[in-house]
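Worksheet: one structure, shown below.
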Amino acid sequence: MGNTLGRMFKVTTWGESHGDAIGVVVDGCPPLLEITEAEIQYDLDRRRPGQSEISTQRKEGDKAEILSGVFDGKTLGTPILIGVWNEDARSKDYEHMRDIFRPSHADFTYQAKYGIRNWKGGGRSSARETIGRVAAGAIAKKFLAQELGVEIIAYVKQVWRLVADIDPETISVADVESNIVRCPDPDMAERMINRIKEARKDGDSLGGVVEAVARNVPSGLGEPVFEKLDADLASALLSIPACKGFEVGSGFGGLIMTGYEHNDSFYSEKGRIRTRTNRSGGIQGGISNGESVIVRAAFKPPATIMKEQETVNSEGRAVTIKGRGRHDPCVLPRAVPIVEGMIALVLVDHVLRQRGHTGSV
Amino acid sequence: MGNTLGRMFKVTTWGESHGDAIGVVVDGCPPLLEITEAEIQYDLDRRRPGQSEISTQRKEGDKAEILSGVFDGKTLGTPILIGVWNEDARSKDYEHMRDIFRPSHADFTYQAKYGIRNWKGGGRSSARETIGRVAAGAIAKKFLAQELGVEIIAYVKQVWRLVADIDPETISVADVESNIVRCPDPDMAERMINRIKEARKDGDSLGGVVEAVARNVPSGLGEPVFEKLDADLASALLSIPACKGFEVGSGFGGLIMTGYEHNDSFYSEKGRIRTRTNRSGGIQGGISNGESVIVRAAFKPPATIMKEQETVNSEGRAVTIKGRGRHDPCVLPRAVPIVEGMIALVLVDHVLRQRGHTGSV
Amino acid sequence: MGNTLGRMFKVTTWGESHGDAIGVVVDGCPPLLEITEAEIQYDLDRRRPGQSEISTQRKEGDKAEILSGVFDGKTLGTPILIGVWNEDARSKDYEHMRDIFRPSHADFTYQAKYGIRNWKGGGRSSARETIGRVAAGAIAKKFLAQELGVEIIAYVKQVWRLVADIDPETISVADVESNIVRCPDPDMAERMINRIKEARKDGDSLGGVVEAVARNVPSGLGEPVFEKLDADLASALLSIPACKGFEVGSGFGGLIMTGYEHNDSFYSEKGRIRTRTNRSGGIQGGISNGESVIVRAAFKPPATIMKEQETVNSEGRAVTIKGRGRHDPCVLPRAVPIVEGMIALVLVDHVLRQRGHTGSV
Amino acid sequence: MGNTLGRMFKVTTWGESHGDAIGVVVDGCPPLLEITEAEIQYDLDRRRPGQSEISTQRKEGDKAEILSGVFDGKTLGTPILIGVWNEDARSKDYEHMRDIFRPSHADFTYQAKYGIRNWKGGGRSSARETIGRVAAGAIAKKFLAQELGVEIIAYVKQVWRLVADIDPETISVADVESNIVRCPDPDMAERMINRIKEARKDGDSLGGVVEAVARNVPSGLGEPVFEKLDADLASALLSIPACKGFEVGSGFGGLIMTGYEHNDSFYSEKGRIRTRTNRSGGIQGGISNGESVIVRAAFKPPATIMKEQETVNSEGRAVTIKGRGRHDPCVLPRAVPIVEGMIALVLVDHVLRQRGHTGSV
């Protein structure tokens, strides 16, 4: 259970890290949307291992194949199956930890939950699972951009203690893609890259923050009680491996303000009601207000490190372990397209609901 | 849509702030659970307005009536309807803002979404909606405590810049209830109370952080991909009015650590596998690991203040507005039972799922 | 669980036959629909006990009260709570069967499922539960009629061996309401009424068939695989107490035809594609084709009879039982508004989905 | 939408008749169930085209490949992806009907719903879609048999006017598989086979009834209001292509009885409460009572025939059409494993729910 996201645009991912294949079924994509494997591949390539010197060196082409739901280049309205064949799975890298619970990984909790786990490469808990999300997210992004002009851009805001200075209202995709750490603050980007290289040399790892902005989001999206737009975004981002925190708008930082300082005043601009500040992050009472939606996700430092650590094996006996597979010293750059995809999936679902209930968006 | 939480223990709230009544339907509560109106009332009283000098003075008894689903003091397994009659609704306090969009409230977004809104007391967007959640949460807490010994305690961790020093592993309900701000750090509690009184005198408002711990949570709860235990908790807490941020375990604060510093080492204690530190907040790979589940929610300063603010009316014309209803200068103390209830609702749902899939919890 | 119907127009019923109240929450009704308690009452009165000499004599006003979700006569888009207070609950009529499992009732299966049951008046298994469905169905019918001109008419097609001759394409509500058995074939109606009176005198009961037609249903409603329009209708009608069979279009009767005889030829009429015959019952491949949707539901003879029957008590000891409460010798006439309501609930849900996915209906 | 069945054991099918592949994702299968591709293949072979002289001659191996969710021969508890590669898709057989709406097929309704359709071999509306259901159903059957001893047997009860005489309580799988029409009444089976051959010679087609029995179903399965066991079975069977009717227990045939004649008396047998007759079909008030669950599904004669028929093309112009692909003159024998699979999917879902809510089944 729990492998499906969405009510109207339903995304179900499947597959394990070292299984035959990994992918996604998208059920509920509107018909007649033009989509190509190349458009999906663009985002998969941004998520792909081995794309730069600061990411894992696992060699996976991660080539998306659409096996159903698209006909003559257009969506049919019926389920879209996208699969990627696993190629460079070195299961022997994992043989030595077959019976060992890696610290801060999901080995122990999977065993506790299911009484069985695919110990090769983390199995289902591997971040390879996000391939399906990114593929589905690419379709969602296409729909949102084409139908509503929505633009979603994520970027690395913080690595370890290094915090970039970025204006979400003006940043572009080109800015983000201008460096391998995907931080559109060039000076800080360089410092981040150096810090990540240093961590790799140490056999250690680093966390950080991905920030994202969604522009031109129509007002009125989100349910007012349990499926608030920000609640759904929180859930979507927390569902990404290693995410430990979420903020919308002012988030935790807004707590030092009083209500008078924090409130976003309304004003009228060319017949459209807007707010002068955007501490709400584009969402009020769980519903989008037409301003840019701004969210942040905290990613912990990856659990896999090349240093020796204490842990236990499946019989509870104390052992030590040291990472041997190919891993990322910092997942942040590769998390950028995942965050964008998850935001797109949440938004498209609420667009379809709102259109259903009110006849227009 | 979006008024239902849960898949197995389904909670649907209904009602507007100044309507006839407000309440909840719980569908999926296991049969044969002993529950009384008094047990539900205990938590409603902790959420109730007018309970102390630092909360709103609206006078509502908030007396829960169980209208279905309980027979001879036990749950039937069929829907439990709990209602509270609204008593002290002073709709005239709101007459002057009938056509005005209050800053950082949901007036504008409801209008944008639905083309209509109940302007009396915020209607459905009022925090009175949480009555139903607290009532349902009380039932969930009872089930969890009785069946599994789970104990859920929330408390005020921060008000404005004032941060308390609290050990989640040892705190008790009595500690929390020992003062009106529900902060179990007596010195900081006093400073918080004074700061809130000051804000009220200023006609201003303050935000803060509620932290919560759930002890004795069995390992194995939570789905590994989209309905991760922490993702569901994030969604549940973000669904509470005014919540703008969520953390589990180390959260944003953990980002200054490296992986080596951050990882929770496993060890064996009397045959049970445990972690030496709990930066994971009791959840690894989206699944509980048997350690205490620890989460935090950021609540912005309430939007309603007694100061004059700039805004627009429904025609987009600039106007000023000043709060007149009875409101909380700081929602944190009353948010405590709401946070506990939401956590209980998430946990009970995952307990029932896990029991269904594996036959045991 | 299982007390909610629909994905976009979600209807949750609650309440037991002899509890305080009984009713429904509707979540997902589009905003700005004008609806009055009187419009809901019209259908509740058609379902009400004591409405004629051939129905049960339980005296219930069944007055619907809308407690939330409607403001100034219009729906808000948020949950609509409708309740009816139980008045004439004579629980003492049931005292003698407190520990007895009535044949072909749900006493035994509720006990087997939950380990507890409200034995008064059948509790949750009573047909009083359908009050909530009829109330919600009245709202759905209003929406469908107003937005799309859909007209749903059900009527009694068969009682016992007595089968009426009715043309679903031309029948009117007035025809149906012209007699107390709600069979728009006057001669057969009289025979049915006499047969029902006879059954009552015998202390026995009769079953039959309700047929229904939905006209002006737009083409394109229904999902092509699991939530086919006819599959959802089947589920909806089978969910009515005492229903044991379902047919769409030619149903079981079509089996004596060959494919050549059975196929509905397409032709073009004023630019609209139509079928010359309607053996499909307006649904092809699970999706409406624009012709009238025609379905039938078989209702078994009511289990409660005034004759002595053999059964067992909760310890498994053989006992005899004889009905004492006030019951219907034939539920068909009162089932008519229930069938209409259920069809409306299914249709409105598919309308909202289709509008969401394609932007128009 | 609408490609997923179940709440706890969630089955999503994907793929089109002449696409690259077709299959299913099963999410929610309990972990540690032993399952092999061979076990799945057994039922796929019973559904496969070309299996006998009375079925379509399309040559498809229909070889199931498990691509995820099974490890060392056991289910992981995570999504199981099963795919079948389409091999013998002769799309050119369909070229001539690219713009033509075949009578009583789903060509027109798909076009009306989506504005696009895969016209090759019926695309998504083809009965090839049921491959995924049969594969998932095989897993469900294994679980039910192993955990609870449930045995599900379907068989052909009627073809055209030819009705077999079969005792559901004593029939065995071997009886069913003893002839190619899967009717365990040998004399009638022979007449059915001859009648089907005659229909094929005529270029015509025949419908009929599949009956099914599920034995050893535990009591207590099914929800009492909207997700009644029989309502879910009705929906599941109506979701099979060409199904036009459903009955449980006495069904439409029971209407000629009075309540006194129809009621199933309870008695006690070795400490177990049973019914002397089984007109309820094993379900009372929507919940299983421990007797055999008995249902019937009516399948219309297949729409594809080799005779010339009148219809229209996509511009509404009158044309004639004559089938050219390879089709079944009677789908009944191949529907048998589909019916068994659908029943298994419904039962397993209710078993997991019931176990979740009550801790035992």
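Lettered A, B, C and D in written order, each chain numbered from 1.
As a convention for this text, a contact is a pair of C-beta atoms (placed from the backbone, for glycine too) under 8 Å apart; a residue touches a chain by one contact, two chains touch by 3 or more.
Every value quoted in this text rests on a predicted model; they were computed, and no experiment measured them.
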Comparison of A-B and A-D (more C-beta pairs in contact): A-B
Greatest separation from subunit C - chain, by CA centre: A
Subunit A-subunit D separation of Cα centroids, rounded to whole Å: 39
Distance between chain centroids, defined by C-alpha means - subunit A, subunit C (Å): 46
Length of the line joining the C-alpha centres of subunit A and subunit B, rounded to whole Å: 26
Subunit A, residues touching no fewer than two other chains: 1-4, 8, 13, 28, 31, 77-78, 113-115, 124, 224, 353-354, 357-358
Subunit D residues within the subunit C interface of the complex: 1-5, 13, 101, 103-106, 108-110, 112-115, 124-125, 129, 158, 160-161, 199, 202, 204-209, 219-228, 230-239, 241, 244-252, 254-268, 271, 273, 275, 279-281, 283-290, 298-305, 307, 309-312, 316-318, 353-354, 357-358
Residues on subunit C engaged by subunit A in the complex (per definition of touch): 7-8, 28, 30-31, 77-78, 224, 352-359
Interfacial residue positions of subunit B with respect to subunit C in the complex: 1-4, 8, 10, 12-16, 19-23, 25, 27-28, 31-32, 65, 67-69, 71, 74, 76-81, 83, 113-118, 123-124
